[in-house]
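Next come the structures, one after another.
Two complexes come next, and they have one chain in common, chain A, joined by chain B in the first and chain C in the second.
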Partner chain A sequence: MWKATEEVLAPIATGAGILGTGGGGNPYIGQLRARQALKRWGPVTVLAPEEVPEDARVVCVGGIGAPTVGIEKVRDLQSYHALRAIEEFTGEKATALISNEIGGSNSVEVMIAAAKAGLPIVDADGMGRAFPEFQMKTFFVYGVPCCPMAIADEKGNSIIIRETITPAWAERLARAATIQMGCVACYAVAPMSAEQVRNTAVPNTLSLARDLGLAVQRAHDTGGDPLAAILETCPGRTLFSGKVVDLDRRTTGGFARGTVAIDGLDDYAGCRMIIDFQNENLIARVDGEIVCTVPDLICAVATDGGEPVTTELMRYGLRVTILGFPAPALWTTPQGLAESGPHHFGYETEYIPLQVEGT
Partner chain B sequence: MWKATEEVLAPIATGAGILGTGGGGNPYIGQLRARQALKRWGPVTVLAPEEVPEDARVVCVGGIGAPTVGIEKVRDLQSYHALRAIEEFTGEKATALISNEIGGSNSVEVMIAAAKAGLPIVDADGMGRAFPEFQMKTFFVYGVPCCPMAIADEKGNSIIIRETITPAWAERLARAATIQMGCVACYAVAPMSAEQVRNTAVPNTLSLARDLGLAVQRAHDTGGDPLAAILETCPGRTLFSGKVVDLDRRTTGGFARGTVAIDGLDDYAGCRMIIDFQNENLIARVDGEIVCTVPDLICAVATDGGEPVTTELMRYGLRVTILGFPAPALWTTPQGLAESGPHHFGYETEYIPLQVEGT
Partner chain C sequence: MFIGVDVGGTNTDAVLMDGNQLAGAAKVPTTADVTSGIVGAVSELRRQHPECHIDAVMVGTTHFTNALLERRDLAPTAVLRLCLPATQLLPPLVDWPEELTKAIGGQTYMAGGGNEFDGREISALDRNGIRDAVRAMVGQGIRAVAVCGVFSPVDPRHENETAAIIQDDFPDLRVCLSHENGRMGLLERENAAALNACLGDVAHRTVEGIAHALEQLGISAPLFMSQNDGTLMDTDFAARFPVLTISSGPTNSMRGAAWLSGIADGIVVDVGGTSTDVGALVKGFPRESAVAVHLAGVRTNFRIPDMVSIALGGGTIVSPDPWRMGPESVGYRLTEEAMVFGGGTLTTTDLAVANGRADVGDGRLVKGLNPSLVERTMAEIQARAETAVDRVKLSGEDVPVVLVGGGSILLGDGLAGASEVLRPEHAGVANAIGAAIAQVGGQMERVYSLESSGRAEAIADCSAGAVQRAVAAGANPATVEVVDVEEVPLTYVPSNATLVRVRAVGNLALSSD
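Entry: the complex of A and B
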């Protein structure tokens, strides 16, 4: 058990920005919002998965929409309103909250609802990264029902997706509502049990985000190498480094979709990496050859300082280093890959696990 | 009180097709579906508005979507599923049902749910015609909340629109869900009281639809004039008569939208009527001059037999007569017109009430 205070928000934002693989919502704006919430309602207790009481009712809370819109249309207390809506619908009070995805601002979206509601959060999430679609959560892959779920906007509109024949239908209906709501909304899913959380969540990801951020901070403070500090904290490897030379990004169908082209520098001079993204980075190719795909993490950070470069902030001329991290084990089983692998996103390539020394 | 039996379905379909002003769903397909339901679960009791018990909980049930799609993707028991969903959400059991709109198949959609659920229906509806958008109901104009409401599709998906800041937002979210559900779905709105029904519904419209259909049938049987029989049963007048010479119809944004051009015959030779529609006929012009607008009823019937010609069945070469009927009084108040008049549909013209002799 630890306390999420205002002080840990900055490192969490950095770490969650990295783990967000481009998406999950702008971590800086998320941090500012969470800071305001913690200032107003006090720090939030963070429970390790094994500390969640047996009779707990744990509600998954998160943001949905396109990150390109999320930086212009800032969320407010929608996650709290979605929480109250799903409590009303199910007739059950939440006793703890859990993040939908650790990536980006979704790492702290849950804190805002938790601070307002006076509830603890679990140090875990449903992805261990960020993914663009609602149903892409380890919870749902391993048997937690994805419905009922509530969606709320900042205006005062809310809907319940009561029942769907597949989790993909929940995404479809949620996305359509989100687009109407202005491409930015928050949701809350019907409560899970402690056992469901322990069996289906990716554990300890909020601490990991915090530790990643602290490592970058320490490197800055001590004149160390922030990229090396990141790779020491979370086993992974450098995939590429260079300068952004082209960016095709459009907000369509409720997502930010596109490609970014990076011309190599130093060790990578003469090569070009192209990354396809749908909110999150999906597949990275160097000179046409695939070097990393979902569900492994393809993370862009500033070559200079290690700060995450998310989809909506990517721009021409940025010096970025692309890091790869192996996906959490829950994603690399056959069921996990069916929901998160390259095929799911329309690529014909098979998933080839990223090889990382010492793992 | 009377019984809706299999025998009255054909006249109701004819009458509701006329009152549907082009929309409300294909009445013939609706009739076939209702026939099957009544055969299986027995006739449905129809209560006059004044017969509704004081403690009644009356749920409004109807179809939503584009009539062009509704003839290819036939509804099943969605209205019943939507009813059960809203009962579950509100924790209240319906004791009677009421039609959203008397026009088209929506006149009998409610019977299908009522037959299956073993409930009576009220001889009234929320329009006294058909209108394309969800929020366009006299119920909502006169203070009944439009949410919560449930929407269900034929696959097993259902959502609840829990709360919206305006009725137009309910339409917006409902339409987006309906489009995802395949452009055809059914809904049920949270229960109304008997008093709300008596104060805000358009009364006796199911009997009117039945009587219109019986009048056409009688005219056929006795060699009478079906068009005259219609106008005797429901005060209105002939606006135009001719042959369909052009039709621009597209299914877009969840609606069937377009225009139909009719070249005059006989008394109307040399003139052309153009009707704009959005599921329902909105405005009729003869040689550029407006002759009738919403909320007054612009109804196309076969010149030859008086059968209604709905939006999705309109086609080149048909001989049609266009009848006009004054809107129910609930629509011609300032509040009523704000929701149903020409301005609401983007026309600059003011509403000029249709003049009918003897009314």
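Entry: the complex of A and C
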């Protein structure tokens, strides 16, 4: 058990940015909102999954909308309103909250609702990274129903999606409602039991984000190597290092899709890496050969500082190092891969697990 | 003829431009009041050319922002956000340094209004709420109001109507509307409006002071101020949007370099005593930065040049063993401390002289330097400059590189990534030239649904708006052209909503046009 205070928000933003694998949007606003919430309602208690009481009712909350709209119509307490709506509909009071997604600015959404509601949060989430679609959560893969689910805006509107035939339908209906609500809504899913959380959530991800951020910060303070500090905190390996030479980005079907090309420097001189992304990085190839695929994490960080580089920030000339981390185990089973593997994103290639020394 | 003036930290430069000719230049020390330095430099030009007819005077100064940094002469200012019931968790001024919030009075209000991303109203404009808020702020003694509506760049009507309501009741209040100079990003745009509001008084006084001083010199030509994006604003506009001057210095320097070298698309490398600034020219203008800019601790999203600065200059100190170069520099004491000037500190300039690349000071004083030290340092200087050039490039293609600044003697002509390397004459007054050749611009930013309107149509509509704004700002319609089109897809929104931003510029319309 630990307390999420204002001091850990900056490290969490950095760590969540790394785990965001290129997606997750601009961390500034999220961090500022969380700071404001913790200032107003006090620090939030974080429970390790094994500390969650047996009779707990754990509600997953998260944001849904467009990050580019969120910098203009800044989110308020939509996640809190969605929480209250699902409690009322199910007649069950939440005793703890859990994050939908650790990667990117979604990592703090749960903290804002928890601070306002005076509830603890679980040190875990439904992805262990970032993914572009609502239904891509380990909870749903392992049998937690995604409905009923509440969606709330900032005006006082809320709706319940009572039942859908597949989680993908929930995503479709939720997104349609979100657009009408002005693109910065939040959702809350009907409560899970402690056992469901322990069996289906990716554990210890909030503390991992915090520790990644602290490692980068410490490296900056002591003149150490931030990239080495990241890899010491979270086992993974350097896939490539170089400079961005080309970026092809377009919006189709509501997603930012495209490729980024990186020419190798130093140890990687003479080679070129191409990364395909759909909000998040999907597949990394070096000279045509696949070196890492979803659901393993393909993370771009600034070569000289270790700060996360999202696809929005990619541009010619940027020096980036690409780190690979093995996916959480819940994603690498056959049912996990069906929702998160290369086939799900339309690639013919099979998932080849990333090999990391010592694991 | 045009007079261009650059008020720098050390010197105030003035140039006289006759069409495309540099007809004269003057340099005097900058004065604390700004005006006396300008008068000094302009008088010197007039002494050189007593007969010249002056069509316009263009001044580049960052003086207004010094007031902000020193927190003096700031008007008591309130911020009114049109947003309710949305965006309440982060109130206006939320991330400001405490002292600055205190200095302007720190009053914030929120009222019903604002728009959604697609133009719908969040709620109807709360006219009564606005009247109440304004009465309350006036009761607290404020003199200026910044008004910021959610998505006002998409639809500015709520902000405009609010301004009318305020001026109806209190015609003497200074009102700054966020959509007039900001882009997407509520907090940053609101911050910019608040900074403009609180600087309004001091900007007004400074601009009046300069105009009055010019009048006393017998110059009746119109006065313009340079802004961050390399275009001009008239004095009324400058008094309303003083923060638009914050980075006019580097912009004018790059524009001047473009003019002096005849290069419209390329890279400008400005090597000073302590640092080197590298920026990209696109159609004769500096490329703008996409990241947030902090001004006096306040986060904003102004259009400022996207520059890479590295700690490399003519005064950068070199240690031979173990070898190290910078980031320390002897700076303006170069002519006392560098070895070629009889000093005892080894600098990059000394090694460039030993290498034969530069010829300043007394070359005999560096004859004994180890040739491998010289070679290594010169290679490293070149490599660092090349990396900086590469970082500001838009693509991998070789482009022309323009070298300016006193420290550019450090660099050789064989610069990797450069198709050619140019070293124009008169680079010392590039800033003042940049001010004198400045054009008038207009920018338009809107969200389009490309599914319903089509890409070409959206760009055409946005371009027409930008051209119209350039003409309204004083451009000669016959010369206005679109110089920049930017499209930002709004991810996670299916209808292919895209933010389109267009900038148009044209030559200043003269009374004789």
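Points worth noting:
One rule holds in what follows: the second predicted complex is superposed on the first by the 336 of 359 C-alpha atoms of A that agree within 3 Å, B and C clash if a C-alpha of one lies under 4 Å from a C-alpha of the other, contacts with A are read in each partner's own complex, and residues count from 1 in each chain.
Everything below uses one rule, namely that a contact is a pair of C-beta atoms (placed from the backbone, for glycine too) under 8 Å apart; a residue touches a chain by one contact, two chains touch by 3 or more.
Treat the numbers as computed from the prediction; the structure is a model and nothing was measured.
When the two structures are aligned on the shared chain, A:155 is found in touch with chain B and with chain C.
A simple residue count on chain A separates chain B from chain C, and the partner touching more is C. When the shared chain is aligned, no partner comes close enough to touch A:347: not chain B, not chain C. Contact with both chain B and chain C is seen for A:179 once the two complexes are overlaid on the shared chain. In the overlay built on the shared chain, the residue A:72 is in contact with chain C alone; chain B does not reach it.
Judged by the touch definition given at the top, the superposed model places A:85 against chain B, while chain C stays out of reach.
Of the two partner chains, neither chain B nor chain C is touched by A:142. With both structures placed on the common chain, the touch criterion links A:41 to neither chain B nor chain C. Looking at the shared chain after the overlay, A:163 reaches chain B, while chain C stays out of its contact range. Residues 155-156, 179 of chain A contact both chain B in one complex and chain C in the other.
Of all residues in chain C, only 83, 85-90, 94-95, 114, 116-117, 120, 122-123, 150-151, 184-187, 290, 292, 299, 390-396, 488-496, 498-499 touch chain A in the complex they form. The residues of chain A lying in touch with chain C in their complex are 28-29, 32-33, 36-37, 65-69, 71-77, 112, 154-156, 175, 179, 182-183, 243, 245-246, 249-256, 279, 315-319. By the touch rule above, chain B contacts chain A in their complex via residues 85, 89, 150, 155-165, 169, 172-173, 176-177, 179-181.
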